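So that we are looking at the same thing, I have put the structure below in structure tokens.
Per-chain residue numbering starts at 1, and chain names A, B, C, D, E, F and G are given in the order in which the chains are listed.
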Amino acid sequence: MTHLEEELQKLFYQMNDMASLVEGQVEKCISSLLDEDKGLGREVIFNEKRVNAYELKIDKDCENIFTLLNPFAQDMRFVFATLKINYNLERIGDNAEGIAHYVIEAEKGFDKQLLEECRFHEMAETVKLMLNASNRAYSERNAKLARTVFSMDSILDDINRAAADLIAEHIRGNIDNVMQALYLLTIIRKLERIGDHITNIAEEIIFFLEAKVLKHGKKASFMGKEDE
Amino acid sequence: MTHLEEELQKLFYQMNDMASLVEGQVEKCISSLLDEDKGLGREVIFNEKRVNAYELKIDKDCENIFTLLNPFAQDMRFVFATLKINYNLERIGDNAEGIAHYVIEAEKGFDKQLLEECRFHEMAETVKLMLNASNRAYSERNAKLARTVFSMDSILDDINRAAADLIAEHIRGNIDNVMQALYLLTIIRKLERIGDHITNIAEEIIFFLEAKVLKHGKKASFMGKEDE
Amino acid sequence: MQKVKEKIIEAILLICSSITVLTTIGIIIILAIETFQFFKDVSIVEFFTGTEWTPLFANKKFGILPLVSGTLLTTFIAILVALPLGLTIAVYLNEYADKRFKAVIKPLLEVLAAIPTVVYGFFALTFITPILQSFIPSLAGFNALSAGLVMGIMIIPYVSSMSEDALSAVPNSLREAAYGMGSTRLQTAFKVMLPAASSGVIVSVILAISRAIGETMIVAVAAGQEPRLTFNPLNSIETITTYIVQVSMGDVPQNSIEFRSIFAAGITLFGLTFILNNISFWMKRKFVQRYE
Amino acid sequence: MNNARKNEIKDNAFKVFALVCTSVGLIVLGLLLYNIISVGLTRINWDFITNLPSRRPGKAGIYTALLGMIWVVTLTLIISFPIGIGAGVYLEEYGKKNPFAKFIEINIANLAGVPSIIYGILGLELFGRLLALGNSILAASLTLSLLVLPIVIVATREAVKAVPGSLREASYGLGATRWQTISRIVLPASFGSILTGLILAVSRAVGETAPLIVVGALVYVPFAPKTPMDQFTVLPIQIFNWTSRPQSGFVVNAAAAIIILLMFVFILNGFAVFLRNRHNRRVKY
Amino acid sequence: GGGQKANKNAEQPTGVVKIDGSSTVYPISEAVAEEFREHQPDVNVTVGESGTGGGFKKFSRNEIDISDASRPITAEEIDACTQAGVSFIELPIAFDGLAVVVSKQNTFIDHLTVAELKKLWEPAAQGTIKTWDQIRPSFPKEPVKLYGAGTASGTYDYFTEAICGKKGASRGDYTASEDDNVLVKGVSQDKGGLAYFGLAYYEQNQDKLKLIPIDGGSGPVAPSQETVGNGTYQPLSRPIFIYINGKSIERKEVAEFAKFYTEKAGTLAKEIGYVPLNDDEYKLIQERLAKKVTGTVFVKGKSTVGTKMSDLLKIEEGK
Amino acid sequence: MNKLEAKDVNLHYGEKHALKGISMGIKANSVTAFIGPSGCGKSTFLRCFNRMNDLIDNCRVEGEILIDGRDIYKNRINVVDHRKKIGMVFQKPNPFPKSIYENVAYGLRINGISHKKYLDETVEKSLRQAALWDEVKDDLKKSALALSGGQQQRLCIARTLAVEPSVILMDEPASALDPISTAKIEELIHDLKDRYTIVIVTHNMQQAARVSDNTAFFYLGELIEYDETSNIFTNPAKEATQNYVTGRFG
Amino acid sequence: MNKLEAKDVNLHYGEKHALKGISMGIKANSVTAFIGPSGCGKSTFLRCFNRMNDLIDNCRVEGEILIDGRDIYKNRINVVDHRKKIGMVFQKPNPFPKSIYENVAYGLRINGISHKKYLDETVEKSLRQAALWDEVKDDLKKSALALSGGQQQRLCIARTLAVEPSVILMDEPASALDPISTAKIEELIHDLKDRYTIVIVTHNMQQAARVSDNTAFFYLGELIEYDETSNIFTNPAKEATQNYVTGRFG
């Protein structure tokens, strides 16, 4: 194995660790919300530092590999993709942490019915599925798996788009619960962002594996609808 | 001038164009909101495609410069920083477009008093100032200017943090105006995101100029408070 | 037009090179014709096996061996001197001596090869022989020893300079490699440099031998004119070249068998050197190929 | 450590041995020069150089031998120079492909090693008899030309070969013809080395005795030659002649003549070394 | 320079006289040429030494004007000349005496007979005669060391013919050199050494060498100008000649030179170490030259050993 | 129309099939790099364009090589004239052992031009183009051999420019130079491409990446891939190219 | 403790001050690259470590060079023995004109070792370490000159390893090789660094970047900057280094 390959492999392993870590963060923040487990939420906030550290490390490593080992072709695309995936994962971690903050902030557990109305469970499940798929797609170098993410993201979009109306409805019915509703809206928005980041990751994986740039071509169709 | 320098300069010019474009987007979306000018909002949405195209172009150029010209030291940091600034600008553009969508979506002009209560004008002014500062810092290679951004970002944070309560208050008083309030909350959240992205840009400028990584060290302090 | 000019020039140059071929052909034809005449009267077998060479005596015997032995004897003595000295000097200059020393000594030694051989003959006869006689009373006034020694001195530069050139042609990096591995100078010289330059060194020795065999004036002046099948260096002997000079200078009528005998001797000499030259030529070829 | 010590001793022993070897050569050279100079130096004066040969050692001079030598050498140069360079250039520049050139190459390598006396025989028969030039300057020059031709050719070839192929390619690449390339690039670039080889060839010709004896230069010529068809003698033969004379005065003359001859040879060689060094310093590819 | 030009314009001869041939005669011709140069500076005389045979060959081809010879012309050579239309004037010019010498340290040899010399030198002696006592029992058992002329020389031919009876009949195991100097040196340092060479070389090295008288049948005679000149030193003395091309003699410079040669031959031969003829004989020779008498006085193939010059010249007179 | 065009070029050195059916077109005013492992035929192919292979015995070329649409092998064109239109720069700097001035003037002189003023002008122009004028303008009479390696190489380029070729072939022009000189040569190539069509053989992949617009990858005498340089190095179409540029080869 | 340490080393070639007060420490089991423009003294400094400069007349060294804490210049150490501990690999592959086997065995033989089994084992081990064993194991008796350039260079490394040095000095070990061979040598260096302290001079900045842990930048005989390689190439402390690595030099 060459020096470059060694470095790439190290990077790959690190990235997988980072991905698992972030996946864990997302799962935990969702659980803390659903199970009203503030401890879990605090764990997420605590772990965020590790995510940041990972991001810095991977970023630095990518930078060094680019500069010192000047990779070409697939190697170069791998590092480039990793660099961006890293960034997206960090933002996913950020959003997870944000969710955890709202969970902790919330004075009481979220209204089950509101969650039900907002299809929150479905949304949470989808995000977890997507993240898992994109992470596996990366570690298995599986472009097909990465592509599954795109259709799931539209589910998130639908849910997100409906959310404002639903929440407005809910507020009108439960004026004392405004704060919680606002929090939930923010959380749903964050989950949607997470979905977007996962989509980005999937695009980068496909770029790395197939050298196709999907970014704004495909994304444009999601984007326009993002928050319509 | 060497080939590399030529390419770096081209990249620099492009980046400046991109920055002006995005700055324009942000200004316009804010104006469209304040002046209730949906035409401007539509322009922003229309321009978003240009921003995306710019981002792709610059991203590709950075990739090519890394791969083909293997820059070292400051050159390398410049390209790296540009790469990330590019990403952040694109997201700022995204957020600006998102704001424009909400402005267009809103059935009537935003309640002046609500805006006043939320310190929306101040927030909008600060974002514009920050973006202008970071863009000038980049084009003038001025780290000091870049640093001014950080303190302004805390203003945004304060406003954002207070927003949920203020809006909840407003909803309680104007139950019929729930939808608009929710939109405004989302818009404020978006402006806060824009501020974050500008901060990132400033960090990258400092990294490029002084080879100091500020990212999570400094940022961590903002982050924890983000949405407390 | 330009093409024609180019062709003409090529033709002229070709003619120039062909002159060398004509020279060889000339040598061979001239030697061969007269030798052919010669062998009409003398049996080839006798020529190559006879042990007496007395073409100018009444009782003519045409056995070339005494001349050959004389030639080989002086050559052998010369090589005995030149090989160890020359090689040692070459190694020394290449490995031990500092640059300035080498820059002075090498051309100085090359002077030895530039001195006209008649001078060496004079020197051998009037200087070396008397000195040797004071050690070796039985030494004849003309003898193979002193001629051979002086000839050896003369060809030292052939061995030393050419071997040194061969050693110098060995890339310096090889030497550095040897030192880098902890070799002493002696080990470097004999275990690395000499083997690397071996073909060049061998070529130099062969050429020196060939030169010694063909050398004329030293032996003509100092080794005597006594064709004798002996390997005793104290004796006076005669070499092939001396014989040719002797006859050329003397009163021998041309067209006689005596006169023709110089062609037979000449062709023998030619043959001897021809073989050696060919060997060295092929070795040199190999040498060149290996290093480029 | 023991091993290292042993190696060191061997190393130093060899060094001493080698110095002795080097000295042997130099001492002999010194003795030779001393011997000759001590005998001959007093004899050298202007008269010695300008006098005609004589049977009286005190009156005898080397005038005719010296002029004969200059004639022969000059003529040899004139004959062998163009032919040798032409042949050398042909073999290096044109002859790479054909088998004939390869044959010539082997042939030249052999000719270079043919004993000079054989050339004498060739000269005697070919120029002396067949072309009926007798023992004239021309016959001798032709003989010596053939003798030094291989030297000139080899020197030319080496010199031409040392011109990097890339220079030729560069010239062709600029649209030069073959002869333009040779005459404007290759020959000027190699001229220094060719000249060096040429001078070495001349110095060889100066010292040659045996072939001229065979050609028949051992004659009494009491006048300076005026045409190439004149009879002549040369310095080495004059020396050889004097060394075989009974009167001891001639030994002194011989030594004196040797000094003159050596001066010639040394000057030529020194010039060659000078040229070579200068050339080496100047042209580095 | 001007004076010389004037000379040229006057009837001074110019041109080249080419001499070639015997190495024995060479020193005389060379000396004559050298003297002649002072006499007629514009005539260039060259002297080669390609041997008597070689000389005659060139002579018969009209390549040279004068051929030096250490023996009379042979019948074949005459034929060659006749065929080429070359006539010649034959002029004896001096005697060549061979001296037999030993080292000064040698005290036991007082003289040698021709027979003893033959025993010493004949081919059969090679490898068998190793010590002096084999020659004469009274001699000590000193090893024999012989020195002689180079086998390609006229001297060698003459010595072997005179002593051993046949040209070239000689033992081979002796030190042969064209360089008589070397012979002198060799024999002078060698107690058992014996050498033969031209009388001239003895005379120049008298201090180192001891001359051996030779008994040719009428008692031992030591070679000297007299004994050689009057023919008593036998058989190791012989006449030497020059042959002048009959056509060349018509040329002024050749005629002048030939005349000069016959006038100076006596003194110069003596100076060089050969033995001059007597004055009468030189007179006869000059007359012969003046008359341009062509042809040889020698009967075909007859040996010159033991011939007296005046006799021969007289025979010619008689004709 | 392509400036240079090869159509199914096959080349044999005696028995050895050194180039196998190579077809490619090279656009005017671009830099094209040939890369590939040692012995793959890069130099051989390059030398087809100015028929330098003619100088090698037993070298046989089949197929068409078109320059500006004219087949330089088929039509009985004058090779010598043709070469003037195609400049060539070699691996090792090879200035003639003449003065700087004479080096640049050589190409004109062999065409019989000796008009002093014109020569002077051309020499200056060429040296300027080769970015050497300022360094040597005061020493035009100095021997070219006294220049540093990098300067020599630029002189060789100036010499080539003097005969006003439209194409410049370069066979590893910087491989014998130190990094600073190499950078200068690369810059020069970059500057020259506006006016010349440049083809460069290089062993150094980074160099190909840096200087060229298009890159051709050769392997075992075949043209494996020919594309824009950025594609070759970021996204090669062929496995072999990918392996080569990522160093997973052999 | 540093494996190699230079303390205020000054070196003169006659009048020329080639190294000016250089001090640096090199850690064991690391790869250190020396970079800098031509003639800046990289090779000269490298050769101080095995006293190869002793071979050059009029070369004067001042200061201390410590190896494992021992000054190799001051104490009257045996140079020949010392060199055995410091392997050296040169710019051009320079195998001895002997068989592959004898090349590797050379270092042992000159130490008087002739035990066949031991030699065999060491030769195999060294060739394996140099990643050459598989390619040559069937031709150990073949002349080393018959190997390709890259193989020759690995053979030279094997030859060096056979005498078990702890330090290996390499002076532009890949500059004469094609990219594939270069990559192999670089890999080898990477693999060897676990067991050896390697110092490499290189002209190729990318190479320094690829193979080394630390990089020293020399300029005009001075050590300008010495730091971790990634720092040198991403964030050099000195302006000169920055200019050199970004190609804005000279």
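Keep in mind that, in the parts below, contacts are C-beta pairs under 8 Å (C-beta built on N, C-alpha and C of every residue); 3 or more make two chains touch, one makes a residue touch a chain.
Everything quoted here is computed from the prediction, not taken from an experiment.
Novice: Enumerate, in label order, the chains that touch chain A and chain E alike.
Specialist: Touches both chain A and chain E: nothing.
Novice: To get from chain C to chain F along touching chains, fewest steps?
Specialist: Shortest path length, in steps: 2.
Novice: Go ahead and name the chain pair joined by the largest number of contacting C-beta pairs.
Specialist: Looking at every pair of chains, the most contacts join C-D.
Novice: Can you compute the centre-to-centre distance for chain D and chain F, using the mean CA position of each chain? Integer Å is fine.
Specialist: Each chain reduced to its C-alpha mean, chain D and chain F end up 46 Å apart.
Novice: From the mean C-alpha coordinate of chain D to that of chain G, what's the distance rounded to whole Å?
Specialist: From the centre of chain D to the centre of chain G is 49 Å.
Novice: Would you kindly tell me how far, in whole Å, the mean C-alpha position of chain D lies from that of chain A?
Specialist: Distance between chain centres: 91 Å.
Novice: Between chain B and chain E, what distance separates the C-alpha centroids? Give it in angstrom.
Specialist: The mean C-alpha positions of chain B and chain E differ by 127 Å.
Novice: Send over the residues of chain A in touch with two or more other chains.
Specialist: 2, 4, 63, 67, 70-72, 76
Novice: Got the chain D residues that touch at least 2 other chains?
Specialist: 7-8, 177, 216, 218, 243, 251
Novice: Where in chain C do residues touch at least two different other chains?
Specialist: Expected reply: 2, 125, 184, 187, 221, 249.
Novice: If two chains touch, include that pair; go through all of them.
Specialist: A-B, A-F, A-G, B-F, B-G, C-D, C-E, C-G, D-E, D-F, D-G, F-G
Novice: What residues on chain A touch chain G, complex-wise?
Specialist: So the residues of chain A touching chain G come out as 2-4, 6, 63-64, 67-70.
Novice: Using the touch definition from the top, list the residues of chain A that touch chain F in their complex.
Specialist: Result: residues 2, 4-5, 70-77, 211 of chain A touch chain F.
Novice: Can you list the chain C residues touching chain D in their complex?
Specialist: My answer: residues 2, 5-6, 9-10, 12-21, 23-24, 26-27, 30-31, 34, 84-85, 88-89, 91-93, 96, 105, 107-112, 114-123, 125-127, 153, 156-157, 160, 184-187, 207, 210-211, 213-217, 220-221, 241, 244-245, 248-249, 262-263, 266, 269-270, 273-274, 276-278, 280-281, 284.
Novice: Flag every residue of chain B that touches chain A in the complex, lowest number first.
Specialist: Answer in residue numbers: 48-49, 52-53, 55-56, 60, 63, 66-67, 70-72, 76, 80, 84, 87, 94, 97-98, 101-102, 105, 164-165, 167-168, 171-172, 175, 178-179, 182-183, 185-186, 189, 213, 215-216, 219-220, 223-224, 226-228.
Novice: Using the touch definition up top, name the residues of chain G that touch chain B in the complex.
Specialist: 205-206, 209, 233-236, 241-242, 245-248
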